[in-house]
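Have a look at these structures, which come just after this line.
Two complexes are shown next, each including chain A; its partner changes from chain B in the first to chain C in the second.
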Partner chain A sequence: MWPDSDLKVASLVSNGQHPKSGRSRRASQDARAVELALKMTGRAARVIHVGTGHRDSGLGQYLGMGLPEITLLNADENADAVPVLVDHLKGTDLDIVLTGIHAEQGEASGMVPYLLAEHLGWPLVSHIADIQKVEGGKAEVLQALPRGQRRLLRVPLPFIATVDNAAAEARQYAFGAARRGKLVDEVIDAPVDQARLEWESHPAKPRPKRLHVAKAKSAADRFKAATAKPQGQGGSVLRDGTDLEKATAIMDLLISEGVVR
Partner chain B sequence: MSEAPRRDPRAEWILRNRLHPEHDVLVAAHSGPTRGPTGLLRKNPHAVGFIGPQGIKRIDRSAGLSGGASGLSSGARGRSASTEVELPLHRVEHPDFYVAVVVDLVAGRLSSHDRDILGQARILAKGSEEQGAVVAVALGEAREANFEAAGADRLVSLTELQGQSLSGYCPEHKLAVLEAVEAELSPRFWLFPDSIHGGADLGSRLAARLGERPAVHAWKVDAQQTVCRGGSQLTDWHRPTARVLLLAEECALPVDETRHEARPIELASIPEVSALIEDLGQVDVDPSKIALGEAEFILSAGNGIRDWDQFHAVATALGATEGASRVAVDDGHMPRNRQVGATGTWVTARVYVAIGISGAIQHLQGIGQCDKVVAINLDDSCDMIKRADLSVIGDSQAILGELLRLAEARQGGTGDAAIDLTEEARHVA
Partner chain C sequence: MLPEWLLPALVITALGLFAIGALRRILLWRAGRPEPVSLIAGLMAMPRRYLVDLHHVVARDKVMSNTHVATAGGFVLSMLLIIPVHVFGLDSRWLTIPLLAATVIMFTGAVFVYRRRRNPPARLSKGPWMRLPKSLLTFSVSFFLLTLLASDLLPENFGHWVLTGVLLIGVTLGLAELLFGMGWGGPMKHAFAGALHLAFHRRPERFGGGRSTGLKPVDLDGMLGVAKPSDFKWNQLLGFDACVQCGRCEAVCPAFAAGQPLNPKKLIQDMVVGLAGGSDAHYAGSPYPGRDVGQAQGNPHQPIVDGLVSAETLWSCTTCRACVEECPMMIEHVDAIVDMRRHLTLERGETPNKGAEVLDNLIATDNPGGYEPNSRMNWAADLALPLMADKQEAEVLFWVSDGCFDMRSQRILRAFVKILKAANVDFAVLGNEECDSGDVARRLGDDATFQTLARHNIATLSKYRFTRIVTTDPHAFHVLKNEYGDFGGHYDVMHHSTFINELVEQGRINLDRFKGGTVTYHDPCYLGRYNGEYESPRALLAALGIQVSEMERSGYRSRCCGGGGGAPITDIPGEHRIADMRVDDARKVEAETIAVACQQCTAMLEGVVEPRPEIRDLAELVADGLVVDATPASTATAGPSLAEEVH
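Moving on, here comes the complex of A and B:
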């Protein structure tokens, strides 16, 4: 059923950075969002970026995934992206807006999709792995849960979704496609994020590891805490009974823990 | 007869001689307070202590404080059994303000992350001269969640709202509850665990609704200043403390010195919610495609397994991810990427079933983070039995056979859709 030509899907992308070298690149979750949009609508997928972008930064890598163009809302580095995006999305006819969960640079609060959803009054689905189908104005969305589990949700269009790392990996980008793609500039008036200017940014300090300090009242207790082998509380042991009883005991535990449904 | 106390040289001689057959009887008779010849109360220094296993006299001076040493002395054994210390109760009758903590309750239990957040809330509540109360907001079913010990003064606990169970994915309903808490108590701080279990999602929603700018991934928080970790873990943002805080793991120490009331609070009214997102339930995932390190339910096989086809069938029927001990992998029964333990994968499963695994220390290290361990083994003295929460002693092949029958009977009873999905999963596997 994909690609669906009637569907209007946009992804919001940001500049990423490599976690070790800090080198500019496409953000991994945003690239997955673009990948999902490309899967759903083909080359009709819209991609929007707020900031000072140029082709040699991460934006080029998004273009290299085969996009014809990226809408670039030109804003200063200290600008607040949310009001700009709200204005832009209000003036655009869209069904689905996809983003990553966190940016890879700056504050990385992950609040942009939530604020957009609040301002536009759209529902928001977080951590999605895939969009399975869109039928009758409703989409069936596969949400990624911890421990590799998945949950199926039904959401009415239009909605905003944040794309999890469990989604399909973004395709390789190509140099030629990155040169051919266009950056469509839009001059806008972006307000400055005043609150952020007052904050201080430092290189990340390694967080102290938590030490397990034995809170003991007496020397004998401290000695015991330092030397004694940690003993399990000792669970219940089933020695007697038929095999069926033993298997039932195990099954009851699995059901009460909710791992067997 | 004169009243003068008289000595009994023979009894004294027997008391001195530990090997005399009447020694124990006489010691028992003389164990009370004794009076000397002048009527003075006498202490017998020889009656202190006990004879150790080497025949050497030992005196335990720890007065029953330590659990370990008192095991030797028969006198202290009774005391050490009841050393469960009652922590002092911290009571807040009329709080000046509230600190709200929305706990994750993964599988109905307080996670260590939740406890850290409650510890942080405790610090924020007692910071100034005013006294605040910590309100724990528990949405969904809570089992074995000890809010008293974790540090909650008040408790808002809801399992369902307007006919919708709060255990599934229902952010709109949960947000409505939080808004009701906000309207009723207007907490000074809102604390959320910045976790993938829903805490970060709900916290962001509330922050957007209240128009507050949250501090995300905060790891060092006091009443004035917060340090947050920025994107790609490369920067730290120092900023004034926000009203909504999404806290990283190990941001503070959990409460362990006081007990708290966890007094329930009833919310007066929650407005009608019209939810747009519809939860269609969890989808069956092929368990063999889940990485071992993040699997929730692992069925692990060791040297005690003879019938490997049966083991695979049980794992498929129960929907468990397969694991193996080193011996099973070395013997070629299982692939290397399924090995659990220090040299394989360190697993974090919630339920770990070890079949025919005796529990080498490397294996026990690998399952250190598992919540519930079930062991099936023939040998009831092995280390795995000591670690396990439920141990079954018996032949693994027979017990697995019964387990397989139970699992298949259960699948037969749950309707056609479930069967279709498991059939599909089997084809994939």
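Moving on, here comes the complex of A and C:
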């Protein structure tokens, strides 16, 4: 099984930010994506970063996980990462691209994987906890659902997946490995993100959280109330029916919500 | 009579074989990495180091010490005389009578060795070591009689050839053990390797009553730690080879006693297996608790971990230095253990349990708990502590340490502040500018993070003027005092016990008598063995009117609390907990209070389930006993500000 030398897996990594000190570090979800890639392909795992990274930043910590190299697509701060990545990924023969769910600093919109999937025409699986095996051009992917639930999906290659915090924790990074790993620069044409130039950014103000008062009789209820992720109201669960019917139902919903016009 | 040439031939052969074996052994050591030593000065210093420093350690066991002097001294003297008498055939009473005397001395020593070996304590190795006293006896008796027969001291034709023949066999056996065995890895190897180890010791400062306990600086661009035996410095390998398997280290090791998989003697022997190549099948001492002997295999170029020793063995050590303190051969176990840990952490990224998380926190937030770096002063929000950034200058820089994040340690810190204020000390703190000292990172093998923290702290300290640094944390104390020097930070650092004791001696604070019951004192490893401060804490307790009921293991023999070297972080399971054993020591002297001088000791000992003696830091005991009115009112402002402070 793992590592599978025929498989080509890449993780996209960003520079993280420590929540307490604000120091640059490996981003926790991206590091899990690297961990998963290392598990699946060993040292053949490819790791790609767009930016002006240097090894004293979080990139060094990714290298310290035992990566021989990180492909560095040189782009300055104002660049839009999506077209850069699309150009790069089109020229490769990757089977799986892993990313975190969203970055720890900057825009952190979580849109990159979706935009990539759209441009490449690949399926996207969000919030995965693990990839269990790849067989006959399909991967068995474990998706993390709220409250510790898991769902097994079979996804055709190639695809993009975002890695959830439920995935295996990233291994310790080692100073020696970070020192040996290489940053392989690739000079590319990076278009400026025009939209963002017009934005103004302010440090976020912490907003007071509304406490959810749970009216529960037993400890078990209180525990449930405390741990439950908020669940959507209404809607319906379609278990039976053909794929077409399910897709139509979703499309109808999107149209009625005004997401698709 | 037997042919004349037989005896000289035997002695010359034995000497020759010894020389070949010795050269071979030297080549084995030279497989290690280079480390410059002063050849001549080392060899010149060797006799003194042997006679004074080594015997200072050996003399803790008086009988053994005398035994060794007699046996070893007798042997060396005999060898020196055997060569002229039996090899060159010099027939003079001036030589034969001393030779006879030397063999008699050696014989007397050997009898004592023999007696000890009849019921050897568990810490001693058996196997070939059981043969050694017999060899010593054979050697001395045979040479005594042979010399007697060959001399003109007896009437002509007294000797019978049968007797001579038997004696020659004895001589052969004796020479085989004492000369051949010395060069070829027998028990007597310790004499040859030990002598050279003393000459080329990696910490020569330890001789002549000195102290050298700080870890050696690491070049982060060079090799990171020790992966295989040949990665050790050559004189470290030589040091391992000097081990006499006396097991004194094993007897004092807290991890061994707790049933964790560490035995310092076995560890050193496994290193010997590594440097010579082979397996530990011939090891005849106590194993690592819970592990079988015979599994370890290695050679100088094969990885140590998971061949010779398991990683758990290395991570069980609390770096308490009890073994080093006790070792008569002055072997440096802790250096070796941390060297190997460094490889695991910096090259393999395999720091067990909470290790990775703690190191990650230190890198990201400069404190092991991952707390907000700007919250270092929250513990003192109501104390209005002067900041160095405001004052720029103070007599005392109070190094707060990471105790600021821990509620129990905060009580110690607050007590110390109370004392500082009562004594009108001109002090200031660094506040949020302070970082972790790097102690834990370094003991966990992460010298990269240690150096980052050290350099950062040194840069911060260089901005301000102060006469000395005082801290309540012996680990920070040790690192600031002994390990920052290599990176350009030279300070006058004091532990709070020394400092408070000075205040008492100068009459700057007055103390009431302590009113509790029996008190014992637990010496923290990093204050005692690492820095030799045994007196001030006791003087301070005496100033409180306390007569310390000493535990059996106190002073330089103090048993570790289990909290050093990152051991609570790597948390290798054993049969007992070290802290429990330490509290049992205190229970044996019926102590109601254990006075400590370290926040880590406080945390470890307080973690023992009640009922147990109360754990109080010296600062807390002193703060409780402060007589505030009697403070000399040298400055008018002292009075009121004190009144506000009492919590």
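Note that the second predicted complex is superposed on the first by the 207 of 261 C-alpha atoms of A that agree within 3 Å, B and C clash if a C-alpha of one lies under 4 Å from a C-alpha of the other, contacts with A are read in each partner's own complex, and residues count from 1 in each chain.
Criterion: a residue touches a chain if its C-beta (ideal position, glycine included) is under 8 Å from a C-beta of that chain, and two chains touch if they have at least 3 such contacts.
Note that the coordinates shown come from a computational prediction; the quantities given were computed from them, not determined experimentally.
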item: Partner chain in contact with A:Val192 - chain B first, chain C second, else both or neither; value: neither
item: Which of chain B and chain C A:Gly64 touches, first, second, both or neither; value: second
item: First (chain B), second (chain C), both or neither touched by A:Ser21; value: second
item: Chain B versus chain C as contact partner of A:Lys246, first or second or both or neither; value: first
item: First (chain B), second (chain C), both or neither touched by A:Ala103; value: first
item: Partner chain(s) touched by A:Arg171 [first = chain B, second = chain C, both, neither]; value: second
item: Superposition-derived comparison: chain B or chain C, residues of chain A touched; value: B
item: Common interface positions of chain A, toward chain B and toward chain C; value: 18
item: Touch list for chain A against partner chain C, complex; value: 18, 20-21, 23, 25, 64-66, 171-177
item: Of chain C, residues touching chain A in the complex; value: 220, 224, 345-351, 355-356, 359-360, 363-366, 370-373, 446, 448
item: Touching residues (chain side chain A, partner chain B) in the complex; value: 16-19, 22, 102-111, 114-115, 117-118, 123-127, 140, 142-143, 145-156, 159, 195, 198-205, 207, 210, 215, 217-218, 220-221, 223-224, 228, 231-232, 234-239, 243-244, 246-251, 253-254, 257-261
item: Chain A-facing residues of chain B, complex; value: 62, 65-69, 107, 169, 171-172, 196-197, 200-201, 204-205, 207-209, 213-214, 216-217, 219, 228-240, 250, 253, 256, 276-283, 285, 289-291, 294-297, 318-320, 350-351, 353, 372-374, 376, 380, 385-395, 398-403, 405-407, 410, 414
